[in-house]
Structure formats: structure tokens, C-alpha cells
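Chain nomenclature is as follows: A, B, C and D, assigned in order of appearance, with residue numbering initiated at 1 for each chain independently.
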């Protein structure tokens, strides 16, 4: 019984209920909302934010943050274009190299954070400026266009009736869920967020875990960049600007504690979907973009308030 | 009392480091291009960015108390517009100067209550506030800029002893805030609450009331920043500068305020704000290719942060 | 005479768990009232209620005979109630002086914080506790546990309260400090201050207490003048059974050499330490607070790897550069700061128990939660841990039970060498004997044990040999048969230069 | 020097240095066509206007023009909605949502011509009429584009005006929004080409970025003034934000008449400086007219009265508008506002 109530008042459950309510309300508001085509399309649109939100969940659970994801995205997008058009590599090689570059960018974040012990917020605030600057410098502010058709398949095509990038997203999300829940890596992630010193004293690989998480964050940001470039068939150095706030909103809306130690990938996914259907549903029922922004802000507070109030019954 | 002076130097380390970096920067760029250190240019560096330094004072208080505010940029935008609307609608000029302080304080008191009493983590509450304020601003103004400001409204263009008023505000408020933080029971309780909320409670320091007060002060300071922002030019833009909150937070943390709470001074954040302004200007003077400007900025921030970490490790 | 503070029929539950049921307690001016009970009996909870930190579910708090409800610790403080908290509630980023005076800083006439006076008064308070080496400008984050304990005590004293509640104030202190503190308490008692004193150490209780209240499972078994109780009657009141021997030393045949430490140094902390540790041996380490015992342990354990010297396990030299290396070589370390280094408090008991052997709990790096659950259940049974179930958060357990979880966690690694740093700090008498019995059992199984303790009776009672440390160096090695309190004490004592002579010596 | 900072690398076509250039030929229609569009002739239609971003004066005034047209026409409803930052991704999401919600027409000003193309094509496929204004998309992704002024025309106006104020051998710097903004990059490239052809002795100093940010623009202009001192004769403002801010900087430094500010700006924002004789002129198309024309074109496209192959289009009070570059409706040449006529305009 106690276990049931505990599950019921989990933040994730509350969020799930909010999500279902939102679905109903939106579907009642507009008959164009609850259609397979629209929902799949919305899923396509949220893929980049969603991809990055998965490693960001890990990052935030360790008590850290990665503000540089948007800049890494911009840098990697630019690198695809530059490697392909200016250096003349085959596009697939350019993509590979860009993924490597993103991974290195994340790795650099990790090194600054673990070796030099710079707090993550400051470290990634600095690399936020640095990576964006590199993107601008390398591209000389020129965009690259004219990608071959096969490349558009990733961002604009479908496999078995489902947008291609959704398969990729599902893969990453499932991997994220599995790693966080079931593996030693996931357990270590939580332990770091709850008490880093104790984790260290227990012989858990604290530094290596953090390094890997930031590296993964860089890699997935690069992956998101590729998906993005393929979806819009162009590269610009300002791509991904400001995406970090969207990603963080999804993750914290999903119940991951910004202080670390608590959170689930499932929560992040629900948070993400909730945000997306609100944006879409409100727009379909005639609310303008700025109004939608206000509503999302309010929902964020309400969700946390409700789970706080209910959580108080649960905790003691 | 050798140890005493050692500790004082130790705690001021970041400030001294920043002063040295600023002096070195001025000396170097001035050597390359003497116009950089002309009175005119120094004034414009200070004046054009004073509102950032002022806002960073409030931000430092918030971060020292163990919180963060990502809605500050939006708040400044909203308050600037309110001030402009008041004055163009015939309210007295002094009222248009004063109202942003009061309204900013009121909005942030609400925010503070949400954080302190309803226990919504500050990053979430302010992330939500960011959405609400920025969305609401557009809804309200419809994107129209405010022009036709009466003469005499441009507070930021006034001069006293031939020094523009923003500089006075920046210096005066920094000093007052520094004294407040060091010599009043309230100031010390801000450190206490940020250092260990649990212990603060046990010491009879009201955690919630301290946080609410911090946010109220922060809101009033944001009001001053907004007035400086609004009165610099003949028009008031109705959107917030992109990434203003990141600039302000960066100034605070590079100024030595620990993101973990309980550590830092407002003098440091003001110096850091000056440093960033100087960097922005100096890169133009140094003819750094504009495309690489952001990258160089990023490297400089990173270098400052790493130097600080090295210093901290040395002094233990 | 009316009691200054009185609890009448106080009950408290956390969720479904009843922690206190109908507790009565009265405290009079000028008395030292000891509060005793096993771990988890509800002592700290009762104190938190009296000091306004928790609210009682039922019952009444009376101040000077009048019913009172505290809405928070602040109101209790305004009534002159000061508390030394068991878990040392300090501000790590602030200086010692500030920690002492936060919330009631001395002010100048204009109402500003008077830093000069604050530092002076902090100095005076610390001198009263005889810690001249403790710098009032030092940040608390850099202090050892013992020094933090002193700061916490100084803070309570600084309030000049009429009710002083001390929850295990001596847990982290060595013998000499304890005596100093007891002197201070006696003086306060003469001044009419009412004092509540919680400790698991019998000798302190008999040295200082006027009356004793015993809590058992959240109910009071009664209040007695100290003259009416004996050590064994107290123990049986607390535990509900008799405990015959406090330090049940089991004689074990000394086995082969397990750990050899040769010229081990860590610059600035420990210097040139050499000793052997045998299977089945319990090697005690004594020393004053700050003598570097913890540092030695952490150097062997790879937290602060040695800068020079050699460590051999089972005869072959091992490189120990990290905690992982140490664990891989069969070394386990139960740290002195349980909250900071021992446990991940927000996580469930079962995850804490397996934390040090997570690598071994997996199939293809997936955690075998079934096995984990079984291990946790076993640990709960074996160590008699009082917990709701294996999924309870460790942070919710009482201090003693938390300590047992730490022990369970490290024994799960199946160590060859077990380092125990203050293993019974803050642990009740029942649990303490259990831990001592356990140590004997482990020794018999061939585990080599290195035990750091600030409690001299414990060191003398449990050890086969005693290493004495002084200022980061080994000052003596004493065999069990030669060990007397005087001898060990003498080896521990720091030779502090007399103030006048100091100049001449240097 | 290879390229002025901030320009793009598309082909340029500088106009003749003097005299009116011949109007370009319309050429063959290269826009797209909506599939299975319902007959909207004369019916009430709902149109959404998605500018680059909302919250700037420029697009507030184009929206104003659209509302004016809507009122005049009576059978068209226009909502303006868009991202709060000039962000390609968000703009795409907006278009996408409006396709789903089933509008009859989409008016857009693209943040990126290529990025927005797929979603606009999707709109065409859904039978929605698509018309661009201010900033174009790839031609086949929309039906018509209302061009406020041809880039080479903007370049010519700007440079001619600058030279008339600072002479043929002056030095100048540019304040732009960001180097990646396509319109500004295009204009800068055309300006360079035109200058090389017609004013080879002009000295280009540098380009600085100032986002769409008022105070940053002011600070950047201020820094240019401080850096170059006497050397600086003129500042070119590439956006309606940068130009007034640069004027303000010149005025606050007491450099009126010494440093010329030439650029694109809304007349209202420039009135204080022009009326105060600090700045001589401001260049712009009438942004209200731009919105008005876009709405008129949309109505005619929906009615089917504007068909591929047309050479001109009737746009309400603006009269006959010429069709150029295959599928663009040209608003006219950019207008130079001076003290003489600036007070006649209110936008």
C-alpha cells in the first residue's frame, strides 16, 4: 500500500497525469491536434531537444549542468558543412569527423570539470562562448547548403511510417533509461549527485563517470546537430542557440533535481512531450507563441508545486 | 596578526586577480592603440555596461544565498518598458524612475516566496518566470518600441563632476552592497543561508525570510539596472537583449561568487562586469577578426576561471 | 522549584514510525541532566522538539511552568535555549568566529556587525575550551571533525543560554578535551544554567550528571538521581538486558603478516611511518586529535596517496594510488565522518550496503537487484540494524544504525585489512559491544584490523598492540601486556613549548 | 582585402554608377504552386504572418500594413505570430503548427532561405497559399515574394548617400546585426561590389556585430568612434536597430556633422536626429507599405487573379507594382528620407 502511494505521488506520475490531461484538453480544443500525422510531426520537431535532454538528465543528476550543448551543436553543424564543402571530404566522412569533434568538445568540458575542478556551470558557461565563437570563426559566418538528397532522409524522411530521427531518438532514450536504471554506471551517477565524497570513498569511479557523461553530452549534441542539419538542409553557425534552456526546462520539468541525485529519463521524456504538445496544442487552438511561452512557464511552476505538496506527505 | 591579513588577502584573491587582469588588459591594449585608454573610451566602456554590473550585484546576492536567477534579463526588459510607458503616458519622470524599483521588487518578492515557502528550486522558478515575463512582454507591447521619450528622462546621460551617472550608480551601489553584505546581520545571514540552510535554521536565521529579502533587493536592483538600460538612448526596445542573463551570471561567478552558495563578494562581480566590457571593446581595438571575437572572449573567460582555480588551489 | 523546561506526554511520529510515545521530562536550573538510550531511542528527536526544531504530535512543552509552542528554533533561542547538535550544523564556507556568532553577532552602536569584538570574543570562548591552535579566521570547511565539534560547542556557549542542550558533544573529542569540557559544564552549572547532556560514554555520565533519564524505544523508563544507578543498572535499563563485558577481547592466534607499511609519508600530514599488521590482529592507533591518524588511514586507503614509502599486502608490494586500488588489494576503510564519507544519505540502505562492491554485483554491468536486496536483508539481520526495510533511506536512520550500515558496506568487500576510524563514535553501549564482538569475530576469521580511536579505554581494551602517533609521526609501539593508560597517554602528549620558553628554544 | 566582413559569397550584380538603370525583366515564373488548393476566390480567408521575429519595430510596422490591407479588403484575416528570437528552428515550428491548424495562407519573412524551404513546400502541398516578404526563401518553396528593394538597389542608395556626405575618399565602418543574417550579408556584398566599381577610393574600416540589440549597437558604434577618432567619417547601419543607435552615439559624442550616419531605419526612430540636424538622412522602404503589399498580393494569389506570367500586380493604394526576377513583386526603390519629408511619415 505504502509502495503504491509512493509511486502515485512521484513527480513523474503527477507529470504523466498532467500530460494526459493536457492531451485531452488540447484534443478537445482542436480536432487537428490528436491525429497521427500531427503527433508524429511534433515528435520529429522535438527530436533535437529530446536527444540532448537524455545525457543532460545524467549531467544534472550528478549535480552538474552543461550549458554548452547549443554551442556544440552549432560547432558540429558548421563542421559538417566545412568538412564537406570546403575541405572536400565525402559527406559521410564529414559527419563522422563532426561527431568526433562534438565528442572532443564534450570531453574538453569533462576535463575542465574533473581535472581542474571548475564548477560545471562556470566551465560550460565559458565553453558556451568558446564553442559558439569557434563555429563563427570557422564558418566565417557563411552558411553551407545544397546537401545531397540521401542526407535529407535522416531529418525529413520516414522509416516504416515513423520519422527517421525518431528511431534514433528512441534508441538513445532506451539506452539512457537502461543505463541509468540498471547499470553500475547509472548507480554511480546517482551516488555522485547525492554525495560525491562518499562515492569517492566507496571506490566508485567518480571522475571517469563524470568525464564520460560530459563526453556523451558532447557526442549526443553533435548527433542532434546532424539531425538538425539534415532536417533543415542548411548549416549556420547560430544553430542551436539557446537550446540549452529548452533542454534544461524539459529535464527539470521531468522531475530531475537540479541539486543532483534524483531524476529519471522517463520523467525527462514526459517533460519533453508535455512541453511540445503544449506548444503545438495551444498554437492550434489559436494562442500565439508568446502566450504559449507564458503558459509553459506557469505549467512548470504548477507541476513542481503539486509534486512538492504531495511529496511532503510522502517524505516523512 | 599575520594570519589575519593572510586570510583577508586570501578572501580577496579573486578581486585582486581581476584588478590585475583588468590593469594588464588596459596596459596592453593601450600600448597597442593609445586611443583605447582615452577618457572617452574608458567612459564608454563603463557607461555602456554599467547596467550589467549593477544587475550583477543583485545576482551575486542571489547566488551567495544559494539560489540562481535566470529570469533577470527578462525582468530588466519588462521594467524598462514599464518605465518608458509610464513616462510616455504622462506620469512624472521621477515616478517612471522609481516605479521599476518597486515593481521589480514586488515581482521578485513573489518569486522569492515561491522559492522560499513553496520550495520550488530557484532555477525552476526563475526559468518559469523567464518564460512568463518574456512571453508576457511581447503580448503586452506587440513588439512596438517606445519612442518619444521626454527630455530630462535620460537619467543615464546625466553627469556629475563630469562623470556619467551610470558610473556613479555602479560604484555607489557596489560599495553600499559590499558594506551591507559585510557589516549587517542580514548580509551575514545571506552567507549563512547559502553556506548551510539547515544550520542557518538551527541558528535561528529564518531561511525563508532571508531568501525572500534577497530576492526583493535583487528585484529593486534590477529596477535600477532597468532604468539605466531604458534611459541610455532615445528609444526603449521592447525585447530583452539575447543572453543578458548569462552575461550577468557570468559576471557574478567569474567575480568569485561560488555557484554553490555561501562564498563571494559583490566587488568581484562588478570587477568582472568591467572586465567583460573591456574585453569586448579591446578586441575591436586589437583588430581581432570579428569572426573570431566570440571565440577569443570564450578563451579569455576560460583563462580567468582556470587562473582562479589555480590560485584557489595554491592558497588551499 | 519549577522546571525551566518541561515536556509532558510528548509523542512524535515520522510517517508511520512512532519515535516518541508519551515522554515526560523535566529540567531544573543548576542541574546536569543526562539523557541516555540506545541508538534510535529518540534522544535527538526529543531534543529537537525541546529546541523548537520539530513539532510534537501530542503533548506539551512548558517553559517556567507555562505551556508554549515553538514555531521554529529561533523562538526557542529567544527563550535562552541553546543546542549543540549531534550532526554539527556549521557553515563550511564561513570563518570560525562567524560560525560561533552567526545569528547573534556583537554589534556596534550603529547596529553594524562588530568584527573586531566578534573575533576577540570567539578567541576567548575557544581559549576557555583550551584550543589555542584553532584560528578564529580559519574557514570551517578546513577543520577536522574534532575542531568542528569544538566550534559547535563554542557556538552554544556564546549564546549565554539558561538552558544548554548538548547532544553527544564529546563524540569527536579526545579524553583531554572531554575533561576540559566537563570543567566548563561544571562552571555553568554553578551559574545556574540548566544542562541536558547526551552521551554514550558511561564515565562522562558518572563524572558530570546529577540526574539521568533513560529513553528506550521512544518511551521514558524513568528519571533517577545519579547516586541511585550503577553502570550495569543503567545498561540494562537502556538495552533491556545485561551486558557483562564492555570490551570482550577474544584472544586470537596471530597469523601471517597481512600488511607491511614501510617509511610511509604524505608530505605535511604523515611522516615516515612503518609497522606490520598481522592476520587476526587488532592494532589500535592512539593519538591526540590532529595527530594524523586519519591521514595515515587515508593514505593507506589511497584517498591521499603516499608521496613516498611502501605498502605491502600479503608480502608483495602494492601500488595504492586510489581508493579503487586499495579495495582491489583487500583494504577497507570505515571513515570517521560517516555523513560525509561513509554514506550516501538520500539513497536506500540496500544501495549503500553494496556501494563498495558494485562491480561484483553485476552481470554484464547490469546490477543484480535481487542479490542486492538479499545482501541488504542479511546485513540488517546480521548487524541488527533498525530500519523499516532495505529500501529506507539511510539518512533517516539514527546515527548508530547508520554506522552499522557503513560497517556492513565494508565487510561486504570481504577485506583482508580493515581500517576502522572511530568505529564506535556516537554509538550506544549495546551497539558498541556488538561492534566490539564483531571485531573479535572478524579477527578470528583472519582479518587484520587497524583501529583508530580517541577513546582510551577502547584502545586499551580491544588492541593486541597499540601504535601511538604524535604530530604525524609514530611516537611509540606498545604491546597489550605493557599498555597502561599512563604509558599510552604519555606517548600521546604533545610537548607544547611553554609560552615564555618558546622564544628561547627556537 | 578579399571581402568586407559580414558579406556572403553569392554572385553580385552592381548597378551602373550614374543614371537610372533599366528595370529588370520579369522572366519566366519560378515559384511554386499549391496542390489542390480549394477555390478561395472572393471567400473569407485566414492568413498567418510569420515574420523573422516578433518584438522589433520593423516587423511591428509590417504587421500594421497588413492589418491596414485586411481592413480595406474586408475578406482576409491576418494574425501575426512568430519566434521571439530570429531563430530558424523556432520559425519552422511556427509554420508547421499553422499548416496543421489549417490556415488558407502563410506570409513569411524567412530567417534562412534554405532551412524554411521544406516546411513551406509542405504548406504548398497542403494547398496553402504561400507568399514571402522582406526575406525570401528558395523560389520554389513559395508562390511570390514581395521584394522591398533589390539588394543592388539598396547597396546603391546606401553608398551613394554615404559618398554624398563623406566624399569619395572617406573612411567608414559598418554596424550590422549578425554576420549570418542573410539580408544584411547580401546587402553588404552588393555594397562592396558597387563600391569597387564606382568609388574605389573609399576606405572600408571594419564591420561589427550588434545583434538586434539597441544598447549593444550603441556600444559598438561608440567603440568604433573611440577607436578610429578623426579617421572615421561615416557609419553604415545595416538594421533598423543599429542605425538610430549609431546616430545616438554620434550625437552623444558631439560629432554631429563630423561623422555621418547612413543606414536603414524607420523614420520615427530617426526623427530626433534628423530634425536636430545631426544626421542628414535615413534610407528605407516604407515598411508599412511592405506589409500592405504582401497582404494585397496574398489576396490576389488566393483569388487566382495573380497568375504565373503576370508582369505587374495591382496593389490597392500602392497602385501597379512591377514583377521582377521571375516571381518577385517589387515594392520600389528604397526611399531616402530627409528633414524635408521625414515628418510626413509615421512608422
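Operating definition for what follows: a residue touches a chain if its C-beta (ideal position, glycine included) is under 8 Å from a C-beta of that chain, and two chains touch if they have at least 3 such contacts.
Small disclaimer: the values here were computed from a predicted structure and weren't measured.
For chain A, the chain whose average C-alpha position is most distant is C.
The centroid of the Cα atoms in chain C and the matching centroid in chain D are 73 Å apart.
Per-chain Cα centroids separate chain A from chain C by 44 Å. Averaged Cα coordinates give chain A a centre that lies 29 Å from the centre of chain B.
Residue positions 134-135, 137-138, 242, 258, 289, 291, 293 of chain B are each in touch with at least two other chains. Counting partner chains per residue, chain D has residues 6, 54, 84-85, 179 touching two or more of them.
Annotation for chain A: residues 136, 140-141, 241-242, 288-290, 293 touch two or more other chains.
Chain contacts in this assembly follow no simple pattern; the graph is neither a line, a ring, a star nor complete.
Applying the touch definition to every pair of chains gives A-B, A-C, A-D, B-C, B-D.
The touching residues of chain B, counted against chain D in their complex, run 33, 35-36, 38, 40-41, 44, 48-49, 51, 134-135, 137-138, 141-145, 147, 157, 229, 232-239, 241-242, 280-281, 284-285, 287, 289-291, 293.
Against chain A, in their complex, chain B makes its touches with residues 70, 114, 118-121, 123-125, 127-132, 134-139, 242-243, 246, 249-250, 253-254, 258-260, 289, 291-299, 301-302, 305-306, 309, 313. Across the complex, chain D is touched by residues 30, 32-33, 37-38, 41, 45, 48, 136, 140-143, 145, 152, 156, 228, 231-234, 236-239, 241-243, 279-280, 283-284, 286, 288-290, 293 of chain A.
Taken in their complex, chain B has these residues touching chain C: 3-4, 7, 182-185, 187-189, 191-192, 194-196, 198-206, 258, 261-263, 316. Here chain A touches chain C in the complex through residues 2, 182-185, 187-188, 190-191, 194-195, 197-205, 261-262, 315-316, going by the rule given at the top.
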